[in-house]
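Before anything else, here is the set of structures, which you'll find just below.
What follows is chain A paired twice: with chain B in the first complex and chain C in the second.
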Partner chain A sequence: MTLTLESVSKTVGREVYIENADLTFETGSKNVILGRTLAGKTTLLRLMAGLDKPTTGRILVNGEDVTGMAVRKRKVAMVYQQFINYPSMTVFDNIASPLKLSRMDKETIKKRVYETAEILHLVPLLDRLPAELSGGQQQRTAIARSLVKDAQLLLLDEPLVNLDYKLREELRIELQQIFQRREAVVVYTTTEPAEALMLGGNIVVIHQGRILQTGPTPEVYHSPATTKVAEVFSDPPINYIDGTINGNRGTIAKDISIPLTGHLEGIAPGDYRFGVRSNHLFLQPQGSADTEIKATVELSEISGSETFIHVRHAQTPLVVQESGVKSRRIGEKVSVFVHPERLYVYDLAGDLIASPAGPDPAGGAGERGEIPQNRGCDLRLRPSGAALCL
Partner chain B sequence: MNKWEDNKAWFLVLPVFIVVAFSAIIPLMTVVNYSVQDIFGPGQRYFVGVEWFKEVLNDSRLHDALWRQFLFSGLVLLIEMPLGIGIALLMPKKGWGVSASLVTIALPLLIPWNVIGTIWIIFTRPDIGLFGAAINSAGIAFDHTASPLHAWITLMFMEVWHWTPLVALLAYAGLMAIPEAYYQAARIDGASAWATFRYIQLPKMRGVLTIALLLRFMDSFLIYAEPFVLTGGGPGNSTTFLSIYLVKVAVGQFDLGPAAAFSLIYFLIVLLFSWLFYQALQNVGKGEER
Partner chain C sequence: MNRNHVKTGLLILYFILLMLPIYWMLNMSLRTNADILGGFALYPKHPTLENYIKILTEPAWYSGYINSMIYVSMNTAISLLTALPAAYAFSRYRFIGDKHVFFWLLTNRMAPAAVFLLPFFQLYSTFNLIDTHIAVALAHCLFNVPLAVWILEGFMSGIPREIDETAYLDGYTFPRFFITIFIPLIRAGVGVTAFFCFMFSWVELLFARTLTTTEAKPIAATMTRTVSASGLDWGLLAAAGILTIVPGALVIWFVRNHLAKGFALGRV
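Our next item is the complex of A and B:
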């Protein structure tokens, strides 16, 4: 199945929820919609499901217009942020509910329910009511309900956001495996860059109802087309340093000069905005090519086994990600090191001019792992739940 | 000193204990005291054991009042619960209509109970009442002061008009608390409006409906002011409910002993039925077969 959104817009009153979305999804593909809260992710899913009608534009399935078609006639399944199950039905009946309406015989229903319950480890719980389950089990039941019928479109709206960290990790890995076996278009929304990276597949970055960038997830991570995409797709947010390029000389933060090598070579002279993710800022030099930025510590924040050190160089605030739990005194003078070939270059309108050539420039962050470029992205999962793409 | 005596928490409980003692325990024990004694005057009292209870339990007029009371409460619940839920389902869910309908529906609840009776006396008067005069001029001789059936009909209308809003408001609050995602899930499953009501709205309203049912049962079972003002228990004894009869015995005939015994039985009946309803509602729909 091919699901196509053709210049779809959704406005409610005067508010624009979705603006001119053009998207195509293929069977067997895994798609992540990444955006902050209220970016329009849920609206987009509702439009795909047919729960809402687009204000303008068309939705096509295999080239056929289904814009006005009722939801129940489409082969759609959806999992929500809240754990949605029928409260007075047992887990068995809950899972069976989508099948009962399709006039399937009882034996087949039973077989299907048991198969699905098996995958989600729900077999011992089939006689319980949703209220008698833990949050994770309730969400498993909801996921089982969406998997039991052969939906061609499987939509998951931040399904793991209300679960605790441990359960989230478990279920995410299970979901990965389930998606792999599905002959369906899987669309998964999230606010977390780390989750998007772990799911991989294709990504749609959305902000304030507008689609900013689409493409394979690691590719978009490595070349965010605009500063907005880079912000949405970085946690902690990407750091920006204003600077200029003048012939063969580059300057950042007014007075720090950087060599114009690698991807920085040949950029037209002018004012630019340089972006660098906090995992590419270091408090110790990593190589001879590193540029030093003198700064003052403003805040040091511990997240899992990571420490985010907020520093300031003149007018420029920066966040440095340090591994391990380290405390830095507020007001302490530090030197922040960055490899110039790690810098993203954006023009003042926010469009990408140049991005680091490979995930790992020569002499760069060797200790953080060398990754062959064609693998795109290697993930390191951290106890805090954050993932790092190197 | 041991832990029990040293426990300062007792001082913190004391104010509540005093309030509850004066508002509930002491009055209740006074009633218990009356129910086992025959009192002629100050200093002239005799212990009679369960004599008054026996007398009250064999009182045929009390039996009549009790059945009347059950009939009344039963009808009230049968009409008001479904009607209240129905109104709640029809009420707008967003926009200016929400506050408009809430205020309109809550109006009857704001009127003092004895005024309600007076309003309906005037409303149903055959000579000048809007309803009474209209229906009489249409050829139906309607007079709640003369016909027991008409008295009941008037009373039921008044009761439903007065208290259905409470059920509707509670049910509405329950409905509004259901996340939108439930309805979406039902739509994706292709569930009918009835199935959505039966499997999502009704189970989700279980809590508020339990409260509504208990409140309506207790209030209707203890009803006094409205029928007292409207019919005074008549015509005959046709609308003499338990509390009206109780007041007649206690204040009218000044039989404090039987009245006290009767009060205790009355209290136990309300308690028993409230408990039964609560248990039933907690368990309904839980043991459904596959």
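Our next item is the complex of A and C:
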């Protein structure tokens, strides 16, 4: 199946929820929609499902216009951010509900429900009511219901966001494996860059109802086309330092000169914004090529096994991500080191001019991996998942 | 004496005051007129079921109960059947003037029934509906349908809209979803609504008496008959009163856990 959104817009009253979305999804693809809250992720999913009608534009399935078609006639399954189950039915009946309507015989239904429940570890709970389950089990029931029928379009709207961290980790890995076997278009929304990277596949970065960039997830991560994409696709948000390139000399933050090597070579002279992710900033030099930025500590924020140190160099605020708990006193003078080849170069309009060559740069930064560490979770150490492939 | 004893004592006192008139009615219903008028007694010294037997055997009396039951049931059914879809629409859809219409419904309860008496009498006369059960049932819809819509809307809005959508995604048609999934979810609300419709229709006297003469005469109207030239038939009236309380008390039993929510129009 091919799902195509053709210049789809959605406005409610005077507010624009989705503006001119053009997207195509193919069967067997995993797609992540990344955006902050209120970016329009849910609206986009609802438009794909047919729960909402686009104000303008068309939605095509295999080239056929399905814009006004009733939801129940489409083969769509959806998992909501809130745990949505039928409270008056047992877990078994909840999962079986989409099958019962397709006039399947009882034995087949039972078999299918058990198969799905097996994958999601729900077999011992089949006789319970949703109210008697924990949050994670409720959400697993909802996921099971969406998986049990052969939906061609599987939509998951931040399915893990209301779960605690441990469960989220567990389910995320389970979901990965489930998606792998699925002959469907899977669309998954999230606000977390780390989750998006782990799911891999293709990504749609969306901000304020507008689609900013699409493409394979790692590629978009390594070359965010605009400053906005880089901000949305970094956690903590990417740091920006204003600078200039003048012939064969670069200057950042007015007075720090940087060598123009690697991807920085051959950029036309002018004013630019340099972007650098927090995990590429260090408090100790990592190699001889590193550039030193003198700064003052404004705040250090310990988050799990990570420390985010907020510093300021003149007018430029920076966030340094250090692994381990490394508290710094406020007002302390520190040196922040960055390898120039980790710098993204944007023009003043926010468009990408040059991005670092690859995941493993010439400097020592490769050691740190490419995944922005998210609130103490150590994705790199997980034996499964796309995160490792980066 | 600690605080708990004071509390219990006060509560007992309150219930005594509350139950006293009902007890007194029960007391009277078990005595003959001569006995009642003869002297004061805290309890019936020679209890008799004479009054009850008279009510339950004389068609003039028991038909009053049957008539009341018929129009009350009709009214409850009509109110629920119209209010369920209406409440669903108010709770799920936005349309022009929805909030105004919703509020206007409630204003129907703000006018005294007497205001509508004359137009109703004329209207029902024109359609030859005077002295039929349906006439009273329809007249009572005036205040029961708005109430039912308000209570049900409250209960329905407590159900997340995503449940509706999940059902459509699962392939349910609207009627099937509404009957097999949605109504079971708000069954407490439906019960409470039915109770309120029952109660208001059961106690209403003005419409019921005006729109009926003999065939559909309610029990409340029949009770006024006991005032005759020979004075009041105390015992009989008390027995009729006790029998009138019974259905209400039975229905309350079923919805006792949800009554508070009903009084708050489902918005708790």
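Worth a mention:
Operating definition for what follows: the second predicted complex is superposed on the first by the 367 of 390 C-alpha atoms of A that agree within 3 Å, B and C clash if a C-alpha of one lies under 4 Å from a C-alpha of the other, contacts with A are read in each partner's own complex, and residues count from 1 in each chain.
By definition in this document, contacts are C-beta pairs under 8 Å (C-beta built on N, C-alpha and C of every residue); 3 or more make two chains touch, one makes a residue touch a chain.
Note that the structure is predicted; figures quoted are calculated from it, not measured.
With both complexes brought onto chain A, simultaneous placement of chain B and chain C is prevented by a clash.
Using the contact criterion defined above for the overlaid structures, shared-chain residue A:Y80 touches chain B and also reaches chain C. Using the contact criterion defined above for the overlaid structures, shared-chain residue A:L129 touches chain B, although it does not reach chain C. Within the superposed three-chain model, A:V71 lies in touch with chain B and with chain C [touch as defined at top]. Using the contact criterion defined above for the overlaid structures, shared-chain residue A:I119 touches neither chain B nor chain C, since it reaches no partner. By the touch criterion stated above, A:I267 is placed in contact with neither chain B nor chain C. Of the two partner chains placed around the shared chain by superposition, chain B is the only one that A:F92 touches, whereas chain C remains out of contact. Shared contact residues of chain A with chain B and chain C: 49, 51, 71-72, 76-78, 80, 82, 84, 86-88, 97-98, 101, 145.
Interface residues of chain A facing chain B in the complex, by the touch rule stated above, are 46, 49, 51, 71-72, 76-78, 80-82, 84, 86-90, 92-93, 97-98, 101, 129, 145.
Of all residues in chain A, those touching chain C in their complex are 49, 51, 70-72, 76-78, 80, 82, 84, 86-88, 97-98, 101-102, 145, 149. Listing the residues of chain C that touch chain A in their complex gives 160, 162-163, 165-173, 181, 184-185. Across the complex, chain A is touched by residues 179, 181-182, 184-185, 187-191, 199-200, 202-204, 206, 285-286, 288, 290 of chain B.
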